[in-house]
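The following pair of complexes shares a single chain, chain A, combined with chain B in the former and chain C in the latter.
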Partner chain A sequence: MKRTPLALAAILVVVLAAGPWLPQWAMFIVTVAFARGLVALGLMLLLRAGLVSFGQALYFCLGAYAAGALGRFLGVSDIVLEMLAGGAVAALAAFVLGFLLARYRGIFFGLLSLALSMILYGLLVKNEALGSTDGFNILRSTLFGIRPSADWVRYAVMATAAVVAVGAALVVDRYLQTPLGRLAPAIKDNEIRVEYMGASARYAVHVKYVIAAALAGIGGALAATTVGHIDPDMAYWTTSGEFIFIAILGGTSNVIAPFAAALLYGLIHTTAYDLSPNTWQMSLGIALLLLIVFLPQGLFGRFGWR
Partner chain B sequence: MAVILNARGLCKSFGAVSAAAEVNAAIERDSVVGLIGTNGAGKTTFINMITGYLKPDRGTIEFEGRDITLLEPREITRLGICRSFQIPQLYGSLSVFDNMMVAFGVVLANAHRGGFFSRGHPLVPGFEVPAEEAAERLLERFGLAEYRDRNAQVLPGGVRKLLDIALAMVARPRILLLDEPTSGVSAAEKFGIMQMVLDGVRAEGVTVLFVEHDMEVVGRFAQRVLAFYDGRIIADAAPQVALADPEVKRYVVGRHA
Partner chain C sequence: MDQLLAVVVDGVIYSAWLFIAALGLTLIYGVMKIVNVTHGSFYALGAYAGASLTGFWLARGYPAALSYVVLFVAAVLATLVFAPAIERGILRFMYAKDEVVILLITYALFLILEDVIKLIWGVNPYFIAEPYALLGSFEVAGMAYPTYNLLLVALAIVFGGGLAWFLTGTRNGKLLRAVIHDPEVSRAMGVNVGRFYLVTFTFGSLLAALAGSYTAPTVSVVPGLGVEIIVLSFAVVVIGGLGSLPGAALGAVIVGIVRSLSVHYLPQVELFVIYFVMAMVLALRPRGLFSLEEPRKI
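Right after this comes the complex of A and B.
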């Protein structure tokens, strides 16, 4: 039962220790994988309850803009503060929107979440102060007041990302073992019975929705500071599609899967783009097809690792 | 005996159909009450109103002196009124044991035990053992131990019924409402299942209301019978008396006096 925390600790040690020897591009891919993996981790929580959010980019983008706004308006560039702000803003938004969304299931939940993310997209595109369609650049990252030299910025961001991602995975792993966390498959199967057992499915969904949004917000802030630039496309529905792709690729069996899937997705994406810049979507499409046919339970499903 | 549940003047219509017309019933603590009547007579509507699934158009329901008429199903469950369903409501993707564990999880959460920061295995209120052990106990009591690891979706009909009832027992109800506990079960199994359920339930002094179409089952297990017809209660008496009532014979049992 303690396999997951041990594996997470091992991943953290490997990333921190191997980091200084990795080329810059590899660190970039790993860091972005942590960012996307955080979003997919949240999606996994919702998927376990049978809910597919087609609009997780809403919180990803909110997190990114919250991080960007810290630098643009307050001159703050600390990675940890950016992630805290991203997670907090996203969680707050999800708390409010959750009162609406937690009432819906199935396709209505999916499309409503998509609609909300497209509203944010529309607002950002029209907003001159936030750079309209061009977005704006983010300050170079600092960590606890230290400004790493150019060679070490990537490593500092990656290391922080690893610590935060492993921490988040541990928290979610623990959450899945609480009564509320265990309720997810029950909500998926039979909500009437959940109510007649004395639990509120709506409350449980609301909580999951807020956790998922907080994770997406942290991921967004992390992606923003890694890429160094943010724009409204972060809220666009195709971004949400990427996250669903990753979540499905990972499956819902354990909390490491979303990160492994995000890394694999990044590698497929990068390789496909390298080989054929104009048809990389096709390569991704084929990868998704193969996945659904051969690994319907996700990366870890076959091995029964829970 | 003291009244534990008191329904007064319950009315409920669905369009032109009256499913409850001035239903009055005072249920005594620690009794076993059979609800009989043809399909559409208002038995399930009565149960649905008590458990909060339907709100009556008029009338009140009191549980231990407290008005529960307008409470949500989960609030009523938490107060101690649990139910089983005509069509068992299980978690089809989970094993029998995991079905029980979800139920115990809810009970623990409602008792603020077993949360994010709790350590070890918190004790289930009422059982005073950890959830795993309590689950095994209940499965044993309802003869479900051998199905422990089977998927709930692929169980035989009678076993599904028993699991549905065992799930309702997790919250240690004061009143248990069983909606046709033996429907879909072979005639040979009926008495066995009812006996097992009532043994399992009555040991804890639970008041039981059950809907049943088999008059032999009613006659054998009920201490009191409420006969429904057209949204009204046309007889409320001990089984021998109620089942001999000419109106009941005519409208419910289907035999003319």
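Right after this comes the complex of A and C.
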């Protein structure tokens, strides 16, 4: 029984069908959850191989700025094109940087990815053409040349996001069943044995890194067109920290988990921030601490299905 | 020529500040193998404690000259309240976990401490300019520099020299180096490793708090103060080599000079260049410029 594709299809149908009845703010939260979930899905691939990237915001931000640049310099505002551009730019950057990063493990992988994301941050804050610290606004989203009326923009973006996210989750789910995908836990457990088996750990990590970056880039472009504004803080290390939180919250057991975790994070963020703006980070910190100690498999790790 | 001199003076001052901020981080990593994100929290705690206690001191009309001592006491108090509790209450149960997992745990603690600071001190900025203004200024090549900055340089030399002396010249320092080399064998030889960890974490955090409290007079103390210092001190420590004391000094000097060069000649790249150096060092010598030989273990 393949339950994951069925569950994904069900989620897609529910989101598309329920969308028109959702209030605008709820659609916003769901769409942002899809964007963050895409990034966390990529992080999950790396986590499965025992790698924690403290710089995934690099690709999130690259994707967002690629989408923004399309609108700013070419006047393109199509959601799908924006996501394609975001994913492509991020994947290309990760392909190049991957030759370097695939050699690193543990703390050094984290620190190097952190340094790289801070480089992008440092470049963007001083770049006048891209609005320096203020960033710039994104054009209102269009879809396949159609300009949805103001009431329907949110729904159009959310529906596209749902299709893309479900598609990405299906691809990753499929990837996890290929020999290359199954190598991840082996790399985490014992890399030397992986090499003895004739597989290349470095190659496997490189592939995962590029996939993760492409997902983050798509997520960044999606977040950009949803929020309508981008700024260099998208590349700051605290943004990477958020993604790590979501990825750990979801765990590595299932491709739906990152999205569920992202939605939960969005809800916690919104409600806790409203209730008590000065203690919401504390609740996140406590939750993260409890998760690491008591639920290292993530919230959804208990569901045994892949 | 004058500008070059200004670059050097600025660079030295910034290096000294960075060194104080990063020293504790490298010490804690060297001994405990923890990449400690709470370092930034202790920096912020020190800054808040320093600003509020000194503000109180000055408001009471006590002698302003003693405010330098008050800054020190404030950092010590802030550290003693939080650091031992964190090490004994949480971290010591985590040492068996992977380095990356411990990094995430300190990240969680950092998130908690960020809000603890807001709960204690609120979100309004604190200013104390008196200790900064009191010492007047000195001139180098026609540029005026606050003399307070010399105090930072002196502190950096005292802390760095003191720690080096402790590690090489005292019995406890030698024991600590044994713990660094091999905690298990040290334990078997009767060294109380747990106590060394407690003292190291507290002392390393104290260094961060001192960096914060002595920076407080030069800035406005606002929420989020610790966020930037974390990546900055990571950069310094990684460039020099995680866990190496001379490495931290070298890293601080490199980052300090590089930043001051870029501020004077090419301000667009100020932030970029720091992390570019960090990435280059990680790419070419991942264990840092001053990397210590990894002792081989069976």
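The criterion applied here is as follows: the second predicted complex is superposed on the first by the 302 of 306 C-alpha atoms of A that agree within 3 Å, B and C clash if a C-alpha of one lies under 4 Å from a C-alpha of the other, contacts with A are read in each partner's own complex, and residues count from 1 in each chain.
The definition used in the following text is that a residue touches a chain if its C-beta (ideal position, glycine included) is under 8 Å from a C-beta of that chain, and two chains touch if they have at least 3 such contacts.
Bear in mind the structure is a predicted one, so any value in this text is a computation, not a measurement.
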item: Which of chain B and chain C A:Leu267 touches, first, second, both or neither; value: neither
item: Which superposed partner A:Leu111 touches (first chain B, second chain C, both, neither); value: second
item: Partner chain(s) touched by A:Ala18 [first = chain B, second = chain C, both, neither]; value: neither
item: First (chain B), second (chain C), both or neither touched by A:Pro179; value: first
item: Which of chain B and chain C A:Ala9 touches, first, second, both or neither; value: neither
item: Contacts of A:Thr238 with chain B and chain C, given as first, second, both or neither; value: second
item: Touched partner set for A:Leu74, first chain B, second chain C, both or neither; value: neither
item: Set intersection of chain A contacts, chain C complex versus chain B complex; value: none
item: Complex contacts: residues of chain A adjacent to chain B; value: 174-175, 178-180, 182-183, 185-186, 188-190, 192-200
item: Touching residues (chain side chain A, partner chain C) in the complex; value: 50, 52, 54, 100, 104, 106-108, 110-112, 114-116, 118-119, 121-123, 125-127, 237-238, 241, 244, 248, 278-282, 284-286, 288-289, 292
item: Sites on chain C touched by chain A in the complex; value: 35, 90, 98-101, 103-105, 107-116, 118-119, 123, 227, 230-231, 234-235, 238, 242, 267-276, 278-279, 282-283, 286
item: Touching residues (chain side chain B, partner chain A) in the complex; value: 51, 72-74, 77-78, 82-83, 89-94, 101-103, 105-110, 114-116, 167-168, 170-171
